[in-house]
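Down below are the structures I want you to see.
Below are two complexes that have chain A in common, paired first with chain B and then with chain C.
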Partner chain A sequence: MSSRGPQSVSSSTDALAAILQGRQRTGREVVVDWVRSRTLANSWPALAGVAVIALLLGLQQLIEPGTMRLLSAVFMFVALAQAWNIIGGYTGYASFGQVVFFGLGAYVTAVLMNNYHVSFWVAMPAAILGGVLFAVLIGVPLLRLRGHYFAIATLGAAEGAREVINNMTPVTGGGLGITIPTFGDQAPTAYFGKPGFYVAFLVLAAASVAISTLLARSRFGYAMVAVHEDEAAASAVGINTTVVKVVAFGVSGAIVACAGAFYAFQQIEFYPTDVFDPSFTVLMVIMVVIGGSGSVVGPLVGAVGLELLSQFLRVNLGTYNQLIFGAIIVVVVVFFPQGVVNFFRDAWMARRFSLLDNIRRYRL
Partner chain B sequence: MTQFAQAAAYGVVQGGLLALVAVGFSLVWGIMNVINLSHGAFAVTGAYVAWLLNQHFGLDPFLAIPIVAVAMFGFGYVIQRGLINLVVNAPIFLTLLLTFGLSLVILNILQLLFTADDRTIDTSYASQSFVIGTVNVPYGRLAAFFLAVIITFALAALMTRTRLGHAIGATGMDRGAARLMGIRARHIYAVTFGIAAALAGVAGTMIATVGSFNPTTTPGQLTLDAFVISVLGGLGNMYGALAGGLVLGIAESIGGLLLTGTWVNAIAMAVLIATLIIRPSGLIGKAQYGGRVEV
Partner chain C sequence: MIGRPGALFAFGIVLALGAAACGTSSNTSTSGSGITFAAPVSQTGAFGQAEGLYTLQGYKFCVQTLNAKGGIQYGGQSHQVTLVTQDDQSVSATSAQIVDQYNDKSYKLILSPYGSPATTAVAPVVERNGQVMVDSNGADTAIFTHGYKNTFAVLAPSSTYVTTIIDTLAALNPAPKTVAIIAANDGFSQHAAEKGVSEAQAKGMTVVPSATAYTSSTKVNANVTDVSSALIAIKGTNPDVIIISAHLNEAVAAIKQASELGVKPKYGFAATVAPPTPAFISALGTKSEGVIGSTQWVPELSTSDSLFGTAKQFLSNFTNTYGWSPNQYPYQAADAAAACEALALAIQKAGSADPAAVRTALAGLSVDTFYGHIQFDSTGMNTTKPMYAIQIQKSAFVTIYPSNLSSTPANWPAIAA
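Coming up: the complex of A and B.
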């Protein structure tokens, strides 16, 4: 028995005791409650995630460096798709300039490592910080716009940022590109090599999926969905929509900037047109939409499936790969407008697998 | 001073040409709330049609315009009726994706058929210029400019004075009500898209006459310019694209004179962002199109 007097209760109901006594839970009680609340039903995503990571790390021992490079690209797109899903899927603000954070992250990293000989482990956090700051800077004015206008304004911001980098020749090397020193004494951080980048991008992908999952289940996640569904109503129930939108944009920007930092180091040498390539944005959007936006699994499936498919097409179909890729986008948009994952989930629940219903959904 | 006059004259004629690209884009956006990322691809397709007619039959590009327009109208009608109508009620990024996929398909087919080489339509008057004082304006560009202005006015007349135009406008304002009044929205949407495709084809023909085009870089640039001009001019008004095109054309040519390096490429983006922040409804657009919701 504890010495709390007559109201004392057994330790198995710490949370209840705290509520009954009208006090905050102590740190120990919070931890105990959290551990007790874990069941297989609510912790399977984390367990599955750990299992997949372990499996992929084990797989690394079996595969060629070339395959590692291919899978690194898949992991990077998983992170990018998750990042776009936070602002485009959950919050409903379709950014068509998310590549700006990628380019910014890449250039912050490269400039710091090349011009100032800073370690990668300092440059990468700086790139993330840069991404967040830029997201706030452009997010505050641009997130007032809606729909197409927001999409185009972000596209404009990305194109504009590329031109700024392109013309800041003394700092960024301009159109001639920039090179990160990776040899001998010149190298601030030893190059990771293909196996190293495999692990790095795997960690990045895992972190982005984890962030996305935690966000989706949090109070903030519900706020994002509320803004998506009806911004005026969300505002009316006391959600500060500006803060929600800017924070979602910032988190998304941070993940993309981090991916850009790793990509820059992996590429060693690159040009503004490489890292500000609008097709990165387009791929992010396609992966999220085809997988299914507004969920964690959708972008994951979309990114893995589409990146593997596009690698396959590039290798096997040569000049026709873009044509087939475009045709696949058209077919998927028409037949699976809500995304492949969402379609199968809903169809499974309703026991009704009809593609015709899908076409009817948005038809005129 | 001469330099500025020359740049301004060039900007005006270039702006007219850009306006012709943008007017169809702005029409589709305003009426059915679809951003057509394949607009540039349509323009280049039209340019190839005119180029083929010129290569095989020696047809002057200005005489080829009716053929290009009819062909592109049919193409646009079919695409809208058979494809875009299927997702026209979907969230915006689906229509964006669909038209992006469509443009990939069109442009890759063009590239397989005609290679990625730069093409141009040669005319006997390409090198001759109209001269006022010290300012030179090539005849081809001047004709393209006047054509763009005439087409814009003709389109405005179509929209305000004909039954078809009223049907298009009504469908754009409230599709549900328009359908209750007996307007066939599917057909009207397809006609609207067909008109936009025809205008894009004509614009592509003009671009091929006064400059050069290819299936890799030209379409993206044209679509982006059409974006900027539509936002700048504003939606819901046919003259918006003309005003936006002229402003952008002049801003870029004067800017090219004053700025070094590739800063000139950033002008369009700066204009775009400034417009969106200061006046989201555009120069002469109707405010209702700024943040509207579809039924």
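Coming up: the complex of A and C.
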């Protein structure tokens, strides 16, 4: 499941030879190699994923609609965290403006459905396309920046995009908000209802985990990690780093825009401040950092854990819930600077479970 | 949706058994089943420290008073009310999510969250779930344009917030000839400003720098603490009065920054939501002196009801309970208490806590209360209720409009020449 893990490739020597020779394999070769390389050892993540999805679909029959809505939010954050991890974790470009794709996805969907009575099933792909195009548009110039400069530039891009949407009142409704028609004959697509959105967000989360896993194990995934580790060296061995960065940014933007599209339809009515809220980006970053960046399981654990914790504290702690939530995040980051999942993986491999050792290793 | 009819049926049985148990155990047979009012309220986030708190206190005070007076009476029994609330963290989507979860628990009687955006998010949820909501603090008329049948607002709509200020100013001596309107870009503030411009023109006032400036040069982002761009746009036009159609943060920023930037209206400032809140005075100190504000409620109202008594009695009992000064009372709490009272009156009228019956009773409600007259039009708005205006004088709210409710004259011009 982690980014390290060449076993799936090395198990087929033909495939490895093809890759080493830089020769393109035929489609048939790829399929045959893939089938031959399947073993229980390398198939269990996929099987576990299918089992979890089946379990969650079964769980849906047992829970009330309001709980489905809560879990829909958890699934959405799984997708958002996976998306952020692609650009921030694997590629090492910490974007603090990823919410821009969420807002754009939401607004493309709402404007098409409200102003032009377009079906959601047309509006949602259009939102994804919009996310990809915007990622390329801002990615080409911004991905030349690194570190803090890139973070600040993306933050600025998100704030700027919100203001543009805010001031395009005739099209977007601006600060007056926008409403997706969902009642009666006015609705271009019948409202999904809470059970429908539960399934929709579950599929989105599953798809984002699958995309992340496939990327991580692909040649492109290794290129992303290479850019992360040393961009100059990656470039020196022939990786087109610009293409890698822009594609990673685009894939991430596409997933976030898709989440924005579903979110918009679920909310029905919203304002620019709702869907361009920087706290979405902050949550994506925190979920990935706490779970463990640069792996598929880390953001998954971070998103599920933090969203459920946040909901639990909100319901049970009243006024102090956000304070306690913040304190828990600080404590977790201090004790698990590399992320919870990465800590346990390393601790398991090294048989060293001491948290104090861990802090020393990363801090001293 | 699997399990919903079953859950409702089971809940009905539990209610019936509960009612029967209470009926047999009580000698007087007057204690009926309990009723739950559920509300998502901001306890943290942007509205947590002021507006959300005021709303929550209004709901709590209402439920406390209702229960102290024996609960809601119908069917020969008295029914105690339980208030269930959850923090929505000042996030609209969370408000909507909470109301969905209330529906799981068969809490069908909803009191609104604070503010138009959250109420806007909750209204379609209430509609789909067959819940019924009384809106206390969401005044944006847009909420009532979607044909929702289950949302009723006790407060006067957004269209009257700036028009009331204009009417107040027109009755003052000297009446302003020019006004500038700074408006936040949220739906509520923009709509209030739009109606205000028409009213100002009807009263012979000139809106500077232009009649549409509130949509461009004097428009500011909602909830910001920097409105200098709007003030600079106004600076050269020397208006008699600057009106701020916005919430607390923007209004406080406008008045603070106006003095820093040397923007001085000839007569004074006025604002919609902010001045009649204790937080406005504590944020601005002496700079709040003389600012005029439109408000949903003033204690001089002559109407009364059997629950809270007169408006003055409400003020005295409420401020004593929560430790507010009677000179600086949060009117949002009166809005909240009135919403809760309207819901209770509708249940009493319906003789049932069934949401469909309560909805029908709300639609036909026409009562005088400590809050004024409550009656809903076909869209769910309380269009019969006017707004009022106060001026801050020596850190106290003084009612200055309409003249029949005002005992102290306005201090005008509020700014020394």
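Here, the second predicted complex is superposed on the first by the 328 of 364 C-alpha atoms of A that agree within 3 Å, B and C clash if a C-alpha of one lies under 4 Å from a C-alpha of the other, contacts with A are read in each partner's own complex, and residues count from 1 in each chain.
Assume a residue touches a chain if its C-beta (ideal position, glycine included) is under 8 Å from a C-beta of that chain, and two chains touch if they have at least 3 such contacts.
Note that this is a predicted model, so its numbers are computed, not measured.
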item: First (chain B), second (chain C), both or neither touched by A:326; value: first
item: Residue contacts with chain A in the superposition, chain B compared against chain C; value: B
item: Touched partner set for A:166, first chain B, second chain C, both or neither; value: both
item: Which of chain B and chain C A:175 touches, first, second, both or neither; value: both
item: Which superposed partner A:210 touches (first chain B, second chain C, both, neither); value: neither
item: Partner chain in contact with A:286 - chain B first, chain C second, else both or neither; value: first
item: Chain B versus chain C as contact partner of A:73, first or second or both or neither; value: second
item: First, second, both or neither for A:61, with chain B first and chain C second; value: second
item: Touched partner set for A:152, first chain B, second chain C, both or neither; value: first
item: Where chain A meets both chain C and chain B, residue numbers; value: 163, 166, 169, 174-175, 319, 322
item: Chain A residues touching chain B - in the complex, by the definition given at the top; value: 88, 94, 96, 141-142, 145-149, 151-153, 155-157, 159-160, 163-164, 166-167, 169, 174-175, 282, 285-286, 289, 319-320, 322-323, 325-330, 333-334, 337, 359, 361-364
item: Complex interface listing, chain C residues touching chain A; value: 1-4, 7, 43-45, 48, 86-87, 89, 91-94, 96-97, 100-105, 117, 120-121, 123-124, 127-128, 142, 146-147, 184-187, 190-191, 215, 221-223
item: Contacting residues of chain A [partner chain C, same complex]; value: 61-62, 64-67, 69-70, 73, 163, 166, 169, 174-177, 179, 182-183, 191, 193-195, 267-271, 273-274, 277, 314-315, 318-319, 321-322
item: Chain A contact footprint on chain B (complex, rising order); value: 29, 33, 35, 83, 85-94, 96-98, 100-105, 108-109, 112, 185-186, 189, 224, 227-228, 231, 261-263, 265-266, 268-270, 272-273, 276-277, 280, 290-291
